[in-house]
Amino acid sequence: MTGRAEFCELAVWRTANVGNKAVVLAPEIAVSRWFNTSEPLTLSGLRGRPVLLHAFQMLCPGCVAHGTPQTQRAFDLFKHSDLQVIGLHTVFEHHAAMTPVSLEAFIHEYRLTFPIGIDEAAEGMPMPITMGRYGMQGTPTSILIGRDGRVVHHGFGQQSDMALGAIIAAELAAAHE
Amino acid sequence: MTGRAEFCELAVWRTANVGNKAVVLAPEIAVSRWFNTSEPLTLSGLRGRPVLLHAFQMLCPGCVAHGTPQTQRAFDLFKHSDLQVIGLHTVFEHHAAMTPVSLEAFIHEYRLTFPIGIDEAAEGMPMPITMGRYGMQGTPTSILIGRDGRVVHHGFGQQSDMALGAIIAAELAAAHE
Amino acid sequence: MTGRAEFCELAVWRTANVGNKAVVLAPEIAVSRWFNTSEPLTLSGLRGRPVLLHAFQMLCPGCVAHGTPQTQRAFDLFKHSDLQVIGLHTVFEHHAAMTPVSLEAFIHEYRLTFPIGIDEAAEGMPMPITMGRYGMQGTPTSILIGRDGRVVHHGFGQQSDMALGAIIAAELAAAHE
Amino acid sequence: MTGRAEFCELAVWRTANVGNKAVVLAPEIAVSRWFNTSEPLTLSGLRGRPVLLHAFQMLCPGCVAHGTPQTQRAFDLFKHSDLQVIGLHTVFEHHAAMTPVSLEAFIHEYRLTFPIGIDEAAEGMPMPITMGRYGMQGTPTSILIGRDGRVVHHGFGQQSDMALGAIIAAELAAAHE
């Protein structure tokens, strides 16, 4: 996993000039199917807006108990801001158990209303593409991408509501460049 | 639904002589596949022992947050008694989303260790057979069957841990007849 | 503390003949003031009925978060049984901070409705009399006294609702002798 | 109460020029005794720094369950920022039950480490001085005072951790003027 993550970084972490400094951009997301949005979303299309990217699995107990409810709270709290919330179903185990049809029922039953994409499967690999690009350790993972496209925060496991609210608000307050 | 439940009662609720009085017996369970037990279980084979029958769906939020953890606590607390705990996966909606392979992953991820059966599908009906026989209103439902085979308690929705503990203990204390 | 507890046992744990066997009786409670009851309560006056004795301090965080709410739940759940619930304010620290007037406001604000007695202060000792007689380790402590006057359960710290419900129900089911 | 609050506003809400606009300043706090700080704190002395002012009563169940733990979390989370957290014990009922000695034990038992002041009693009035100046409706109340001395947020009752974190972070990000 370590080797692969390093390779991924070489391949996908690009730099860009933001203002007058070079920054390492968060890798693009790869999504095979979307829920709760009529238009596919891309990080490049969202540049200039902060993005909360929440990676989860519908059969991950910590995701169901903490991760997705917290992400829904963030979606509701910041809905009048220009934060974009994106859920990412990053299936890296029990693939036959967490199919798109199962995910769709999960989203319906748990009343999740933020846009959710299925992380695109990587051929011959258990871990899907976006998960690999970011070197995620597992689920739940919450990543905040700043207005300038950098990863501002990458948190694995249960996050504090207060800290997440603060990190998002600080980024929302950052000047548009 | 009302008509069907009445019909089911006519068909499946049998009486038996226990001691010297006639009692209405809880209907037999119909299970198409078992997890966490090497032998299929039947209520008739368990007569004389109290049985906690917990009906749930793996994508029912109240089941995941309250019902199955409570049933696991009952299984752990009363493991040295002769109580038999049985989980019953009663899928009455989102059938394609809650398949046996999905349930198996759910049981693994949530570390459920009590015997769980899949309620047998009723041909052409959304509600499975055992669920219909008991006239259940939905999930989660916790049913306690007494030593004499009667339904002692039928609770729909979130149950109090203290009340459930008390009901089980009272039945365990009932004399073997 | 060990020596004292042993002495207390010698002094206060009496035996009685219940049915045809000798049992060690729970020591009597010593109460200097009662709330939520018009009549003082004594264990000897309650013999034949199970008694849940809950020792707490109003400034003990575990008591406020878990102990007294659980005791209130037991009082409400078993109110149609012959269980007697008794709260005991066993102040063994911060004596000037947990006076009767403070306790009265606490009972009012937390809407506790079960009978509560103030454990009688022992002259020159930080630990009050009943607490010493039972050799309690601290608060919260939940003690169940059976119909025959014996201590059936003595639990220090957070108790499981399900286990407490079961222990009480088992004692309620015990034959009156 | 309405009339009094209006009078208070007339008396205590002062204006000041911040940058080049006039702002209504949060009224000064009146504290009769401090805990967890070697120096008395004043809003005027803290001007330029955001201040989280949390009003509570030690026998208010919502304060104990939600308010003071949340304030402690804010104190811990933002300790490397220039946010000043201040707890204010605003006793407006059960005065004899919530004395300074009781509060001191409460602070010790609940391990509160942020500075806490006792809101100064108003002669002949149940409500203490600062509480009246701010027109608080009860406890818990969380007030955020901005760098420029204005009240940025005044929330009565249970507050969301995420929202509070966001409000504080937004104020921390505000330019020093």
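Here the chain labels run A, B, C and D in written order, and each chain numbers its own residues starting at 1.
Throughout what follows, contacts are C-beta pairs under 8 Å (C-beta built on N, C-alpha and C of every residue); 3 or more make two chains touch, one makes a residue touch a chain.
Given the structure is predicted, the values throughout are model-derived calculations rather than measurements.
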{"item": "Reference subunit D; chain at largest CA-centroid distance", "value": "B"}
{"item": "Separation of mean Cα positions, subunit C and subunit B [Å, integer]", "value": "37"}
{"item": "Chain centre separation (subunit B, subunit D; CA means) in Å", "value": "52"}
{"item": "Separation of mean Cα positions, subunit D and subunit C [Å, integer]", "value": "39"}
{"item": "Touch-based graph of the chains, sorted into line, ring, star, complete or other", "value": "ring"}
{"item": "Pairs of chains found to touch, sorted by chain label", "value": "A-B, A-D, B-C, C-D"}
{"item": "Residues on subunit C engaged by subunit B in the complex (per definition of touch)", "value": "70, 73-74, 77-78, 160-170, 172-174"}
{"item": "Subunit D residues within the subunit C interface of the complex", "value": "59-61, 64-65, 93-94, 96-99, 101-102, 104-106, 108-110"}
